[in-house]
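Below, chain A partners chain B and then partners chain C, in two separate complexes.
What follows is the complex of A and B.
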């Protein structure tokens, strides 16, 4: 392992970390703008041109607020909670391939922090760890509403992770690999997995909504029932971390969806572009396309949030256990049969 | 309890159809409704920069009028203060000196004329009561401020600018 390799990875990690924080920051702005536009309003437009500095103003506000730790809270866990939520949200980006390899001179730089051969499992592990931040925060607050919310989040995540995993199994039957890099490479051009796994994609997306606690599955933070949800007792930047983690989760799950089902950095006509733009600009255009896909998903998340009312809790469980899980199993069986038939003939 | 009328409406709760249980068609319908609003004109008016057009008889901030020769019309008769249901108007009258003939139309004038904009209800009764056509509520919306004392508008804010200035 040479020193250039370490530097290269370090720079890549720093860039990805910075970008995910930036996107999370501007997601809060975009959320308010999208909400406003969908409701025939303007949204924030006072801080800077078009309100572009609004996230900075929000950040300053968050930092300046008084830090309150309830006297009966478990102090240590109370402080660990938001950090854990933030950490688990951020580390998911490590295995996502952001672009094809850049070649500078005779050095090949992959635009992916690490290409582990169980990338999907890693994503799953990280996503299921995400509930710990919520769980610990809700538990440590010593508040019945926070606790209720944490319990809701935990049971919701467990329920939807099953359907999510089952929908991925059908995808793995098609791709035959768990490495995200290879999955993306297989979708070269327009051979996107959405064409082979439309049902799997719908199931995966619904589960992703549930895993990120976004509407219509935002039961852990439904204001009408639980005051604020698991972060009722939080203030200052700790609250900011929880809200931030939600947006990073949204970003990561958008990236995963784009990677698994929408071809990652692949786009129709990419070979022609790659041939004409060279080995540095070409892959970066692919990365640009990938980010457009991610932004489209983030917009979709917001669009759905401002359209659909929240599920009732029994409806949520009903949909998860009686709707999505059987559907995902049926998807696996159908996919398996079709693959077996194709291989036979 | 006995029903009070013979009218009856049987509420029938039909079980959801398959499409309804799938949620997806209804969700797509909802999404199309919201996305159509993305392209509609927003109803917001960016207030301090843009002002809504008011009707011609809109009652806004008061102004104390001058006559054709630029003299203040108010003669401090106190009818406006008397008619004011919110008791927002106070004034102190003074006698005009010979050299002030160009400033005030009548021999008596208001040395101090104050309207408390926090009390005023913009009913326009002062305007109706004034025998000299000296006060009109034809200004803009009274702007916001931080201190109560800043809402008491004196003659510096109320009297119309002279024509030649």
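What follows is the complex of A and C.
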């Protein structure tokens, strides 16, 4: 382990962390602009040109607000909740391959923090931990609405995790590896997994919506029934952390979906581009394409939120257990049979 | 380096498992249990068993403990509404504890310093090797247990279906 390696990884982590925070920040702005567009309004346009400074203004507002901890709340856990939500949102980016290797001189720099051979399972584990921030915060607030919201979040999370895991199994049958880097390399050019696993992708995406608590699955923060849900009692930057964590989750799950099903940093004609732009610019163009895919997914998240009304709670459970799980199992069986037939002939 | 890390993490495991027992609030107990499981995950990684580590992470920390927390939050056990334990219960508890200590001491005395386990393949815990092992010699038990788990899940879904009269 030489010093250069440590510095390289450190810089990469810092850049990824910065980018995810920046994207989360501007997702709040984009969300309001998209909502405004879909509802034929203007959206925020006061702070700076086109309201581009709005996230900064929101951030300052969050920091300046009074910090309130309810007197009967479990003080320590009340503070741990938002921190945990933020932490679990951020650590998912560690295994995502952001681009192919950059070669500077003799040194090959992978644009991925770590390529563990259980990459998908790591993402899955991080997703399953994500619920703790909401649960702990909701319980520690000592508020009936927050508690209800925490319980909703937990049951929703567990229910949709099963379907998500099953949809990933079908993908693993196709790819034969759990390393995210290898999965992306297999989708070279236009051989994207979406072509082989369309049903699996739909299931995975619906589950991703549910796991990130986005509409139409945002039952834990359903304001008509639960006031603010788990963050009812929160104010100031702790509330900011919860809201921020949601946008980081959205960014990470968009990146995972783009990696698993939409080829990551691959695009048609990439060999030609790589040949003509060299070993530094070429991979960076791939990263740029990857980010375009991520932004497309984030836009899709927002589009759905402002188009489809929220599910009722029993409908949510019905869809998860009786719709998605049987569908995912059927997907596994069909994929298995097709692969067996192809290998036979 | 490996040994010192092991002792550090092992100490943390012991401390947090003691906290599980000693904390008054059941929700805090569960949270300490989660941290204990996390230290177990670190142990698995130290043993080069990445797959087991991640599965421990997903299943125990991510699913089972969420359910524990879920139930305890619903029960809402507070110090205020907890019934006071009578003297008899305390006496029974002390006797049971003493029995446990005797058993533990006896079993500790019986164990000799065990031979260190030498793995034929130190990378057994890696995904590929584990998969080859599971789908090779242990094919039948593995498949049977997976069918068992699947049927349990299907059963749970079926139970929620309303019976048509």
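In this text, the second predicted complex is superposed on the first by the 345 of 345 C-alpha atoms of A that agree within 3 Å, B and C clash if a C-alpha of one lies under 4 Å from a C-alpha of the other, contacts with A are read in each partner's own complex, and residues count from 1 in each chain.
Keep this in mind: a residue touches a chain if its C-beta (ideal position, glycine included) is under 8 Å from a C-beta of that chain, and two chains touch if they have at least 3 such contacts.
The model shown is predicted, which means the values in this text are computed figures rather than measured ones.
Contacts of A:151 after superposition: chain C is touched, whereas chain B is not reached.
With both complexes placed on chain A, chain A has more residues touched by C than by the other of chain B and chain C. Shared-chain residue A:118: touches chain C; no touch with chain B. Contacts of A:41 after superposition: chain B is touched, whereas chain C is not reached.
According to the touch criterion, chain A has no shared surface contacted by chain B in one complex and chain C in the other.
Across the interface of their complex, chain A is touched by residues 25, 27-28, 31, 34, 50-51, 54-55, 57-58, 61-63, 66-67, 69-70, 73-74, 126-128, 150, 153, 156-157, 160 of chain C. For chain A in complex with chain B, the residues that touch the partner chain are 36-42, 45, 202, 303-304, 306-308, 319. Residues 74, 77, 116-118, 121-122, 124-125, 127-129, 131-132, 135-136, 139, 147, 150-151, 154-155, 157-158, 161-162, 178, 321-322, 325-326, 329 of chain A touch chain C in their complex. Residues 23-24, 27, 30-31, 33-35, 37-38, 40-44, 46 of chain B touch chain A in their complex.
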